[in-house]
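One structure, pasted below without further comment.
Chains: A, B, C and D, in written order; residue numbering restarts at 1 for each.
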Amino acid sequence: MDRTSEDVLVIGGGIAGLTVALGLAKEGWRPWLIEKEDRLGGHAAAYVCKAVEGECQRCGACLVDLALKEHASEARIKTLVNAAIERITPSGSGHLAALETPDGLVEQPFRAVVLCHGFTPFDPRSRTNLGYGRVPNIMTGHELEAMLKVTGRVLRPSDGAVPRQMAFVQCVGSRNARLGHPYCSQVCCGYALRMARQIKNRLPETDLTCFYMDIQTYGKDFPDVWPGLGGEIRFVREIPGDYFSLEGDRVGVLVETGDAVEELSFDLLVLSVGMAPSPDQDRFCEWLNAPVGAEGFLRSDPDSGVFVVGSAAGPMSIVDSIAHARAAVRDVAGFLEGRK
Amino acid sequence: MSQINPDEVFDDFAEMVAAEPGGEAIRSCYACGTCSAGCPVRRVNSAYNPRKIIRMILLGLKDRVLASDFIWLCSSCYTCQERCPQGVKITDLMTAVRNIAVREGFSPSGVAMQADLIRRHGRLYPLDDFDHKKREKAGLPPLPSEIEEVARLLETREK
Amino acid sequence: MKLGEYDKTVLVIGGGPTAWEMSRSLAQDGIPVMVAAPDDAERADMPSGVEWILGAQVTDVIGQVGDFAVWLKAGGKRFERRAGAIILALDANRQPGVLPAGAAFGERIRAMTEAEDVLFGRQGHPSLRRVIVLDRLDGLSTAASHERLLRFAVRVQEECNATVYVLTSQVKVASIGLEILYGRLRDGGGLVVKPDAVQVETGDDAVRIRFRDTVLDEDVVLEADMLVAAEDEAPSPELERLAGVLRIERDKQGFLQADNVLRRPCLTNRRGVLSVGSSAAPSTQWDTEQGVTAATVEIRELYRWIEEEDHPDTILYNRDFCAFCLTCFRVCPHGAIHFTDRPNFLPLACQRCGLCAAACPGEALELVGYEKETFFKTLSSLKPLDVEGSKRIVAIACTKSAGRVLNAAPADAEIRKGLAWVEVQCAGTIRTTSLLRLLARPGLVDGVLVLACHNGNCRSGTGTVVAKNLVESVKVLLKAIGADPGRIGYISTAANDEVELARQITAFRDGLR
Amino acid sequence: MNRYAFFLGCTIPARSRNYEMSARAVAKRLGLEIVDIADFGCCGFPMKATDQAAAGLLAARNLALAEAAGMDICTLCSACTSMLSEEAHRLAHDAGHLAEANRHLAGIGRSCSGTARVRHFARVLIEDVGLDRIRESITVDLKGLPVAIHYGCHYLKPSEIYPGWDDPEAPKSIERILEAIGARPVAYAGEKDCCGGAVLVADEDTALGMAKGKLDHVKAAGAKTLCVVCPFCSVMYDDNQKSIENKFETRYQIPVLFLPQIMGLAMGVDRKELGLNMNVVKTKQLTGEILGQDE
């Protein structure tokens, strides 16, 4: 089997795309890896290490760095960053991709296309009752990640003060039939509670509340973590109904408490936004007529050499994206080798 | 302390509500509390609690719900319905439950009276001579005292 | 047993669906498979090219990837086979949760597995009006157990058309498809409640359950034809035995994969010994599918690696200093040392952490590339820059984490101010003498840092702990001789943890006298 | 020039003539031709609780009348707006429902095709008249009169029947009109809260309690008047203000004006023509301040 020909296009240089490309390269293939941003790593590269007192919390964010390291020493992958896809058209038994690269337009036929375009964080602006963008000091979990990653601290956007009272609201944009998101985003309980633990550990006087419906079991250490969390974080099994601004740019919410509706207020409120299909999905769906699954994410179509991997295929943690991508290597290689 | 007993449970009550226009999505409820937290009525009168009402229906507490006063407390402001993450049309659901209650013979006098007025006059407030004079004095155009066509429409329908 | 013969056959341990999927996946890729099935139930539709050894138990394993000698016990006989790799693919071992006080299993109260037989078995579906599924209420259920719980509940609903009540504390739907399954349960009239204070009373005609409905804040008493106790995946005793035979790490619960993201999806501490599905962790169908397929990819890569690259010795052994104390054999996290009349260091199994060399009391071992003399030379050649107003620090950094951060940081970055460092394969390989040599350079070095990976994120598993203990012991030493223990410090970090690492290094620097 | 079938419903012609008068006055000044259709009856809203199918039929009948007259409906009452819009929405999107409605309408010799468009007076002002023309019509400087806006519920919700209209969670439409006429909308807590009007029949205490909460916030915010666009809301805040003051032993004296009443003032329309003397809470002092004279 001639593996020197460049037969497979991997779209998206996030953890899934990197892992698939590396796996295929190890199998001897010469995949193209195309990324629209100017750097590889995707969302996960912007996530913070959530270790607490030297204990890894199994978030997997550091695994991206490993993949990048491996990628740097892998000659078989042809990597294009800052590159866009003009379009993909059927050609013979394969796909002809027109790629907009920094050094001009490139047309290249591929037998297989691996879609690793990832997800897009749910935009809370589309549910205006959440007050995001309208009420000061309401931020998303992704914004909190970025802040911790860059500064190592949590500060209120409005005045840069250290928040004493913080709240997380879970399932924002997830488990939501109204939005056509009939899925749990899988990662939000993990990232919110891991960050909460880290914040609590660095600033013990911070008062943390978590509004939720169901806490998902994340990571193998959950049985050790969960029972104790109650002491560090106040868990309220309620989703607030109203979000508004109060004196001193505090965030007010109305919450059902069982016997009354209480107004609670916080210095900072974090919306644990979930994963939504990437806006790029529609184009790929059209070009490759890949099927869309019940959850609204693309599905693989192995017979025509189209594979959807990682969070492009559905909500997935970093660790699960890697598992999915490792497994995909076999399917893609199998296709290229002419096996099913 | 009150307790819900097996003999209060009608397995098909939720189905009955789901079959009524507006009640379709009731089973999608996650009991997340968004509705109750935002409810302006619930804040003033804790007897009204949309999440509890939905739970009672899902549990099948037919008599308790239909004979209650609380189903008549919804101000139909749609705050909950606009926000429900599961697309439960809570306001419309309350209308559905009220309709069932009326059919089963429970309805507050005021509500029945309103319906009766409209059936008879086609208006909630039939205009009497006093009203006509007032309107004339205010330079407002004359209007018919009642709209008998409405009565006819409802009769032909009920036939 | 003899080693040194490369064999591609993969030994799959397990006799159920997971093992079957695993062997089929390997067979499809043309990899010879031998399955050691603990049970002796014949399986129809056996994948072709798969040798299925029924009632087999693996009793002993030595060797390295591509070259394992395996002892099996089956049909009363004990015999040796060879394998290139070993995959643990045992199915879930399920245990019902604890019933509330006073309740006991019987006609009307059954564990889910049993209930499945009764309700969907040959004798067809008994007509039921109501079924209650009682899950554990401590919130520790998993997506795996709830995938099964929801499937069961939906099936009862659709096949026995009964009303189903599910009592749980947290609905676990963090796996593709589960939320939709949960929706199907609700749409079909199923009700999920998150109760407090559950009591169960059994009568002859029905089972009654009393609980506090946390939404209504009232006590509810429900009557049902059957109460079904949900089950969790628990590690079987067989897993514990195999962990010993194969010398692989287990997680806190006892599953055959350490709680370490570097091991996911299917790796263990031993190269060529893989763990998939319920052998590694409570697994949903999705988890198992990914694990099985990823394991196949792993095997393909391992064999290619064995064939295409040369594998020189990784450990230099000096017999004169060896006390045959087996320390190296004990500390090796990767099962890379096979002890005969002497320790044999298996190059295909060794992952070059160097823990054995560091632990060897006679200093009879050296990790190639980190020989004592040359390493000490590097250490003594370390010259922290004399930055105005800054203390001088020398660090020994794990190449997997801190090394990455320091190399990535620009030369003028705060984190590198007055810092010189040397990288090691694992912080656990640092010797006391190395640290003392560095500390013994006052005027040149103000402080010494050991930079390791976070605990639970160490490739060699134990390296982090070893390094931390080492630093503690040196502190004690310094105290004992009246020196300042503040001169040495331990920091753990990750390759993407630069901000926090910088903060801690600065804190250490500022703490130096 | 635009013509509209003017839908008054039941409450306005009998109980809120000041709303009707001011709306007609403003419409005249802005060149809106509003046509009275004598046969218009109850919108159906009050029947919803008893029999939503019958309620829908009443709405369909009114829509049929508007269709026959070939005009869009312009409403003043928010309840009417939502009832009629909801039915129009169903007739337009549910063929089965349309057929069913026509089957019954045939009994009274009427029919509808589900094309009738229903909009609230304020929406017509913004969409068809436009803020510029409203600005041009201003003759009296309101000097940033602090006004608290009560949007109410049915003016905005359920949003699915008002495609392309204001955001119920952060409404702006009335604010824009008031700014255009030189008033100053003041934010206050609980701005989106319901007046409680629909609960009045079932439980007066609850209804009044809801209205009280609003009045407290409006007072705290220092607004000089509360602006409403629905007769039910007016009943709660204006007609019932006194009883709320007595019931809860407090005092507000907050004039409650219909949007067109405030607009009329800015257009220099005479108090009487705007029916300002019919408001329950006296408006003299307020208008005096605005017009810079003590009448």
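Keep this in mind: a contact is a pair of C-beta atoms (placed from the backbone, for glycine too) under 8 Å apart; a residue touches a chain by one contact, two chains touch by 3 or more.
Chains and their UniProt names: D = CoB--CoM heterodisulfide reductase subunit B 2.
Bear in mind the structure is a predicted one, so any value in this text is a computation, not a measurement.
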Other chains in touch with both subunit A and subunit B: C, D
Chain at the geometric heart of the assembly (C-alpha centres): A
Selected pair, greater C-beta contact count between A-D and B-C: B-C
Mean-CA-position distance for subunit C and subunit B (Å): 57
Whole-Å separation of chain centres (CA-atom averages), subunit A against subunit D: 46
Whole-Å gap between the CA centroids of subunit B and subunit D: 22
Subunit A and subunit C, separation of their C-alpha mean positions in angstrom: 24
Residues of subunit B whose C-beta touches two or more other chains: 28, 31, 43, 51, 79, 82
Residues within subunit A bordering two or more other chains: 129, 175, 177, 213, 237, 259
Contacts with two or more other chains, residues of subunit D listed in rising order: 169
Touch-based graph of the chains, sorted into line, ring, star, complete or other: other
Each pair of chains that touches, named by its two labels: A-B, A-C, A-D, B-C, B-D
Residues on subunit A engaged by subunit C in the complex (per definition of touch): 23, 26-28, 45, 47-49, 51, 54-56, 58-66, 69, 149-152, 175, 177, 182-184, 186, 189, 213-224, 226-227, 237, 258-259, 294-295, 313-316, 319-320, 322-324, 326-331, 333-334, 339
Touching residues on subunit A, where the partner in the complex is subunit D: 128-129, 134, 244
Parts of subunit C lying in touch with subunit B, wherever the complex brings them together: 129-130, 163, 183, 186-187, 189, 191, 208, 213, 215-216, 218-223
Residue ranges of subunit D in contact with subunit B within the complex: 8, 10-11, 13-15, 17, 20-21, 24, 36, 38-42, 46-54, 57-58, 61, 104-105, 107-108, 153-154, 157-159, 168-169, 190, 192-199, 201-203, 205-207, 209-210, 213, 273, 275
Subunit D contact footprint on subunit B (complex, rising order): 21-22, 40-41, 43-45, 48, 69, 72-79, 81-82, 89, 91, 95-96, 98-99, 102, 107-108, 110-112, 114-115, 118, 122-125, 127, 131, 134-135, 138-141, 143-144, 147, 149-150, 152-154, 156-157
